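Chain IDs A, B and C follow the sequence of writing; residue 1 opens each chain.
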């Protein structure tokens, strides 16, 4: 019984992890068809920001939930103005430029913080579940991810901002006819995506030692999750996160974490083969 | 974009022979260790450039076949004790695996970004799997897979039939150059053939080519397999240069790096990817030797500048510059196209 | 009476909740010219795409025969290889290649190396494409691209030609040229023209099949059908009463 609870918790945690790390990429890809290969580095910077703030004595929750998103969001805004906005509609060029950006960010962070891992302890202690010692912080991550999905859904579905964003996603003319400058919409969407990545980085910072190269670990899984999810930002990312998270953990429990990851990757291939436009290309077509 | 049959199939003998001579005479004036690596990378980039620039197929995980070639060489060489079979298998195995993967994708009408994910995932699966194969249990014949540490100490190239005469240093350099030049000629020949021309058509409009009676997925699978074999060849040569093979060969970094070389050098030409690989490769190596500025930072900044200022990549930009500033003959002026047109969506996009 | 060139038996095709094609039995004879008309949503494009293989048809949907061969479920390229030329609704040509190169690919499958060149020259002459033969198709006007696409069809020397809205975006003198061309094609091939422009269809002549809500409403000689009250009603709507 306890073991089942542990497994379930781990699965939910994995789903939350995927949702968190993919959200920023999903918003930017789902809304603007932009593939931001620097997404992992945005997450990484969010982590460094939180750790730096925590070491400077600031409240860690403030750092991870407010400061990191703001800082990375600001950084995303600058990037959008300087680089990305010249490349809309040119998917390959965007990929190239954002990959260059990711290299640049890794280099910058290495020069500033050096190449040794930095870390910060998790603010929530572990707890006992039967005979298992659980990480309490994981519950917090699950909570944040859930809140994130709910807020995102509410904003996209029920606010004017969300409507305009969804409209602009369909075509720039829609935004114009609603009286909004599509370029501004794109700019703020990219910024929002960056902020979400920063949030993820901040929240995940206490988990392991952070290195300038940590971004690479996030981008691959996020990319696969988002693309397999399909065009719908929330439902797509959520459905693929659920599927991948479940399989990853179930197989990991049955064998090793590496096999779990391989299973997730193999599943991605199968899913895409069956649904060439992603999950929400086939099901739930008109959802957010 | 240089889209026409003529320009795709035209063999620039003058340039080719000059380049060949340069490459052949290089060892007289310089050490061959780095040039060998650059030539290997060039071959790898050439293979991707052939498939992407002319057939419109972008694989995010081309490194999978590069790595497969390297590992196949190492494992076979360790088991047979000499290199001939190893080299042959290092070309055939990636080709055959690619044929299977490609058929699965192309007959399933998968395209665009989704194909990118599948090809990337395949490379990552190999990367993760090979990374986890530490321990005695993981071996193929007498070759231990070695997990993260990879496989060291396998027999390097030897003269076919004479295992005691090994080929390394300048000898290896010449082998690589011959392979590079040979594959270039093969690529040119393919592009000039009816098969190659059909690929150009598929790049432009796959649905239309199907409506002309061609089995497009078969063509795409064929070029996918051919370029995978070339990448495998490059990988096996790398194995000989580095004298070790590791899972990073299949990794995200390697996959994206080759894409960057091709883009920076110029899609739509055969020389572009080579130029990109050589220049960016040299830059990476040079930067690695100094500690003043972090090399990632410089590379990243250069990439961003290239994209913003030279959107078609280096080679086409140079060619366009040359066409504008040098008095040319009665050639029609090609618009060249912006990168926006490439690669076009294949087939019916929804 | 020769064997039909095209025959569908109880063909039905459903999309989502809509029965786009409803138990259609369509027949076409050798070297016959048939216009397939009907208002938007009548099912003509769907029927067309079933014939070309662009919609995957299974035996559950019905059967399609081309010159007696059961082609149900065949892919477009397999159907084309039988000797069928297809022109789609949206001009589908290879934009980055020249007119010559487009035609070359069309002809090459059937002809060898030298035969291809001759065939391309023949088509260029026949369609009067000489002036633009070295231009990139992407740079041509819509009307010119339509003609090039017809050239692609001709270069394959088909005995069955399926044209989806060949007159779209073409007016005046070019329309007459197109009609002449289609009538010339009919000398060697059976032709199906899908269109909703009644005026164009009237000029073309031949037999007409009218579709409405997925079924064949009426079939007959051009004049007879186009003047029929039921057909007019279907086009204009019941407000015509």
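As a working rule, contacts are C-beta pairs under 8 Å (C-beta built on N, C-alpha and C of every residue); 3 or more make two chains touch, one makes a residue touch a chain.
All figures in this text were calculated on a predicted structure; none of them were measured in a lab.
Shared contact partners of chain A and chain C, listed by label: B. Central chain (C-alpha centroid nearest the global protein C-alpha centroid): B. Here the largest set of C-beta contact pairs joins the chains A-B. Separation between the centroids of chain A and chain C, computed from CA atoms only, is 49 Å. Note on chain placement: the centre of chain A and the centre of chain B lie 31 Å apart, centres being C-alpha means. In this assembly, the C-alpha centroid of chain B lies 42 Å from the C-alpha centroid of chain C. Of all the residues in chain A, the ones that touch chain B in their complex are 35, 37, 83, 86-87, 89-93, 95-97, 99-108, 110-111, 216, 219-220, 223-224, 227-228, 256, 258-259, 261-262, 265-266, 268-269, 272-273, 276-278, 281. Of all residues in chain B, only 1, 3-5, 194, 197-198, 200-201, 203-205, 207-216, 332, 334-335, 337, 341, 344 touch chain C in the complex they form. Taken together, the chain B residues at the contact with chain A in this complex read 58, 104-105, 108-111, 113-114, 116-118, 120-122, 124-125, 128-129, 131-132, 252-253, 256, 259-260, 263-264, 293-304, 306-308, 311, 338-340, 342-343, 350.
Residues 52, 75-77, 80-81, 86, 88, 92-98, 101-102, 104-106, 108-109, 113, 134, 136, 139, 152, 156 of chain C are the ones touching chain B in the complex.
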